[in-house]
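What follows are several structures.
Next, two complexes with subunit A in common: one pairs it with subunit B, the other with subunit C.
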Partner chain A sequence: MPNALKHTLFIALPVLVIFAVLPGVYQNHLLLFNFVIFLILAQGVNIIYGFTGYLPFGYVGFFGAGAYGFAVVVMHLHAPGVPAVLAAGVAGVVVGLLLTPLLRLSGAYFAIANLAASLAVLHLIANPALESITRGPYGVSLSATFNPTSAYAAGLVVLALTLGAVVYLKNSRFGLALQAVREDAVSASMAGVNVVRMRVIAWLVSALVAGLAGGVYAWYVSVFYPDNVFSGDFSIFAIVFALFGGVASITGPIVGVIILYGIYNLIGFTTPQYFQLIYGLLIMGLVLFLPAGLVSLATRRGWHVP
Partner chain B sequence: MSPESAPILSVSKLVKRFGGFYALDGLSFHVSSGEILGLVGPNGSGKTTAINVISGLYAPDGGEVVLEGASIGGVASHKLVHRGINRTFQVPKPFLSLTVRQNVEVALAYGGAASAPALADLLDEYRLAEVADRPAADLNNAQQKMLDLVRALATRPRLLLLDELAAGLNPAELDWIAERIKTLAQSGIAIIVVEHLMGFIEHITDRVIVLNAGKEIFDGKLAVAVKVPQVIEVFLGGEHAA
Partner chain C sequence: MLRVIIAALAGVTLTAQAYAAEVPTEIKIGTLYASSGRFASISMPVYTSLKLWADLKNADGGVYVKAFDKKLPVKLVAYDDQSNTATASTLYNQLVTQDKVDLLVADSGSVLTAPAATIARDHKMFLFDQTGTGASFFSKDNPYIALMADPVSTIWPKPVADFVIHDGPALGIKKIAILYSTNEFTGTQANAFRKFIKDSGVPVEIVYDQGVPTETTNYTVIINNINNTHPDAVFTFGYAPNDIAFLRNVADVGVKFKMLFVIYAGLEKELLEKNVGDKGLEHVFTYVPASDLEYPVNFGMNLPTYKAAWDKKNSDGKLEFGLNAVAGYTTGLVIEKALSVATSLDQMELRRAVFSLSGNLKTLCGPFALDETGGQTGELTPLGQLEPDGHGHLKFVSVYPHDTATGKPVYPRP
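The block that comes next holds the complex of A and B.
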């Protein structure tokens, strides 16, 4: 069986089936939905960081742009949910295109510039002068499309597409070339790889993923303010989850989200007073002792983890 | 072995500046298919810079690089690879976390070679078969240099630039790689070899260019070069060139 098929059948499909079935047996649908959103975002971070090495500290910029892309077409064009989610994807890609010059930066400079760019998008959208288009700082209320069940289903579809993209990257020459660019851009060009084009494609795919996720999120919650959908927590969580599990793999970000977001909710419910402390220590320990993520525990033993 | 054909590459009055410093200062030379040209000179004389400009890493600040009649100064590296230029690096630059096999697969897939060589043969020929599934980071320096070379060969270059490929090899390995380089030239590849080991250069090259401070001070047989006072002074007068 080809690896891509194996990875689809034994990794992507089970995740999708589990999250399709869980709402029938578990009451807290919002929590399940948040898991789906973070699975998408962590894989989106995986696409850009794991496969090209750019750390997107401002990843939420695409997500927020997607949420507002959704809101704008719902409010002004009275679009139904599904086309509005597509518009959200377009919004993410447009922001991604505008930010392609950032790809000239490297390391911390890129991360900081990306963070700044996400704040710029936030302040543009939250600007009172744009009230007639975005409702500015006053937030949006999208009662016309309110339908958490459909939004959840749309989230699963976006998750399926995202997992499909990562399975493709993990098993294709294209994904291999991206990793070559991440390892050494000069050498990649001497292998004949068009480095700039590869980086832009990965960047836009990860922007698309986050934009779609933002649209699905807007559909689900239906009432939100700029600060909600541009919260830096989305970027930080997605990055931490992906790194914790291990990037450049399919399973790493999934494991990262399930464990860390699981613990996050457990500690948050049971001992909120210690929450920040425990969570912070856990993350620090991991960065110090397992910088390549949980999957590296297995890789070090010579097991191949897809 | 001395070719009669028109040069595959000619470089004329090439200039490359870093700030106000001239790393290449009017360099001119040419090389033909099947020829092995030595590029020698003391440390800092501009050998690596010349290779970097020819392989598209740097755009020249003046002069011309002509490949098979077409000017290629400033053309992006990956395009030059598709047009038949490839190289190795003085400090080898493999994709460290990818396996040896994957390193070569990238070049086979993206190198644009009409008929790409067989991966297994390449790894065999350059003594990398046993480490094919190890990450490139596990290789020693000499093996990483061979991996650089194999990656270059996977793109079927017609002009190959070797930057101190032999440095650090033991005598048996030197003989072996010398034979391999000669075989590559016999297959029609034009090869520019940067090396400090004069015995090695003497053994494999048809002709050498001696560089000093970004300028060419000699073009001809190494046996002649070593009798030219200016060349002797450059090598013995300045810092020792290994």
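The block that comes next holds the complex of A and C.
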């Protein structure tokens, strides 16, 4: 059996089935939905950081652009949910294209520039001068498309597509080329890899994923402000979850989200007064003892982790 | 005959037992608070005052619940959302689906109320919106929300605009400048203020009208730009950190505007006094909040009694006493009064009960009045001015509307 099929059948499919079934047995659907959103975002970070080495501190910029892409087509074109989510993906890609020059930077410079760029997108959308288009800082209310059940289903579809993309990257020449670029761009270029094209494609796929996630999120929550969908917490959580599990793998970000976001909510429900202390200690422990993520526990022993 | 009596007694006993089983042991009120993050400063006073109400009621045996014709203790089920909206969404849902609270109360401010509005509507639960004043929450097709303790943003600045419209020409106010932070709360207030002025047809020219990011911390250039337009009055709509920075920069630049209005000099006077100093706040126009205005009440404590209770509970002085410190208590009073008239805990019945209070309830926050969408229209904050009290401190002088005014405006600023 080819590896791609194995990864699809034994990793991606079980995750999707579990999250498709869980709403029938657990009533806090929004918690499950947030899990789905962070699974998508963590895999989006995985695509750009795990496979190319670019750490996107401002990843929420694509997410927020997607949410507002959704809102704009619903408000002005009266589009139903599904086409609006597609428009959200387009919005994410458009922002990604505009920010492509950032790929000239690397390391901390890229991370900081990306963070600044996401703030620029936020202030553009929240600008009162654009009130007639985006409602500026005054927030949107999308009661016409309000349908949490359909939004949850759309979230699962986006998650399936994202997992499919990561499975492809993990098992294709294209993914291998990306990892070669990440390790040593000059050597990869000498070996015939089109470095710029590879990076731009990975960047845009990552932006598309976040844009679609933003659209699905907007569909579900229906009432939001720029501060809601451009909250830096989305970037931070997605990056921490991906790093906690381990990037450049299919399972790492999934494990990271399930464990870390699970603990996050468990602490939040039971001992909120120790929330930041416990969570901070967990992340410190990760940085000190498992800098390559949880999957490194297995890879250190020579086990192959997809 | 004996059989009939036994059967009747058994029936009565069973009915009584069934009724007893339906009567809850407590009323569960679910809410969130932000102990950290950018909304902590507005969230904690609101939550603390709601908790104060719950503690006081429980010490008194609970609240009267008409649906069960008895007093029941209230249990506040509260989670910390840390100002994170995604976390807030999950926690609101937890309150509804897992804790199965009887009443749902939103966290403070519009940003953290937004997820609650969606979830409440989804689960057909009535949302007690404490201070989320955003206009987007209130629509005719959403019956599951009402604003408790602040006026809805679209009408909040009406007394300020009315002052300019009615008293401005006589004072010589012909040119005004508007500066606002680009977020929902302050941006909507600026919009509403501008609209009131323009719709009135009063001969007042807006010579400066600019929005700046909420994160702005240096207003030096902006102040000079405003000054160059020679306005007769400057109206700034910002959050507390914006107002602090603006007022400090006004003092640094040495500009003296003839009239200067800021929101938080009134809403959080203690905070501004600490950070700007009395000198920088002298003659500044602002809202006179319920925490500094003694409204006649027909339910709950009046301001002096409540202030004493607040001071006793918060003797460490970590939380300033301002508008937010009475907002949670006001929410508690509305809940208490609604439970005393609602015939069941059905959410639409709770809504009916809350709306029945409109126009009839007077709390320390002022007269409680709702429009048909649930927006608060009654608790309008008058326009006032901070003046030296002769003892080295500042006092509020309410200047508009005239029927509640306690003095005349000092214009131009000396």
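By our rule, the second predicted complex is superposed on the first by the 306 of 306 C-alpha atoms of A that agree within 3 Å, B and C clash if a C-alpha of one lies under 4 Å from a C-alpha of the other, contacts with A are read in each partner's own complex, and residues count from 1 in each chain.
In the analysis below, a contact is a pair of C-beta atoms (placed from the backbone, for glycine too) under 8 Å apart; a residue touches a chain by one contact, two chains touch by 3 or more.
All of these numbers come straight from a predicted model, not from anything done at the bench.
Visitor: In the superposed model built on subunit A, check whether subunit B and subunit C fit or clash.
Guide: In the superposition, subunit B and subunit C stay clear of each other.
Visitor: Check whether A:Leu30 is in contact with subunit B, with subunit C, with both or with neither, and answer first, second, both or neither.
Guide: second
Visitor: First (subunit B), second (subunit C), both or neither: which does A:Val223 touch?
Guide: The answer is second: A:Val223 touches subunit C but not subunit B.
Visitor: Give one of first, second, both or neither to describe whether A:Leu176 is in contact with subunit B, with subunit C, with both, or with none.
Guide: So A:Leu176 only meets subunit B here.
Visitor: Determine, under the contact definition given at the top, whether A:Ser296 touches first (subunit B), second (subunit C), both, or neither.
Guide: In the superposed model, A:Ser296 contacts neither subunit B nor subunit C.
Visitor: Determine, for the superposed model, which of the two partners subunit B and subunit C contacts more residues of subunit A.
Guide: C
Visitor: Contacts for A:Thr100 in the overlay, against subunit B (first) and subunit C (second): which applies, first, second, both or neither?
Guide: In the superposition, A:Thr100 contacts neither subunit B nor subunit C.
Visitor: Treating the CA centre of subunit A as the corner point, state the angle out to subunit B and subunit C, nearest 10°.
Guide: For this superposition the angle at subunit A equals 140 degrees.
Visitor: Once the structures are superposed on A, label A:Phe146 by its partner contacts, choosing first (subunit B), second (subunit C), both or neither.
Guide: So A:Phe146 only meets subunit C here.
Visitor: With both complexes placed on chain A, how many Å separate the closest C-alpha atoms of subunit B and subunit C?
Guide: 36
Visitor: What part of subunit A is in contact with subunit B in the complex they form?
Guide: 173, 176-177, 179-180, 183-184, 186-195
Visitor: Give the list of subunit C residues in touch with subunit A in this complex.
Guide: 35-36, 79-80, 82, 84-87, 89-94, 97-98, 110-111, 114-115, 117-119, 121-122, 134-137, 139, 141-142, 182-184, 187-188, 191, 211, 213
Visitor: Within their complex, state which residues of subunit A touch subunit C.
Guide: Residues 27-31, 34, 37, 123, 126-129, 135-141, 143, 146, 148, 220-225, 227-228, 231, 233-234, 237, 264-265, 268-269, 272-273, 275-276.
Visitor: Using the touch definition from the top, list the residues of subunit B that touch subunit A in their complex.
Guide: So the residues of subunit B in touch with subunit A come to 55-57, 76-78, 81-82, 86-87, 89, 93-98, 102-103, 105-107, 109-112, 148, 151-152, 154-155.
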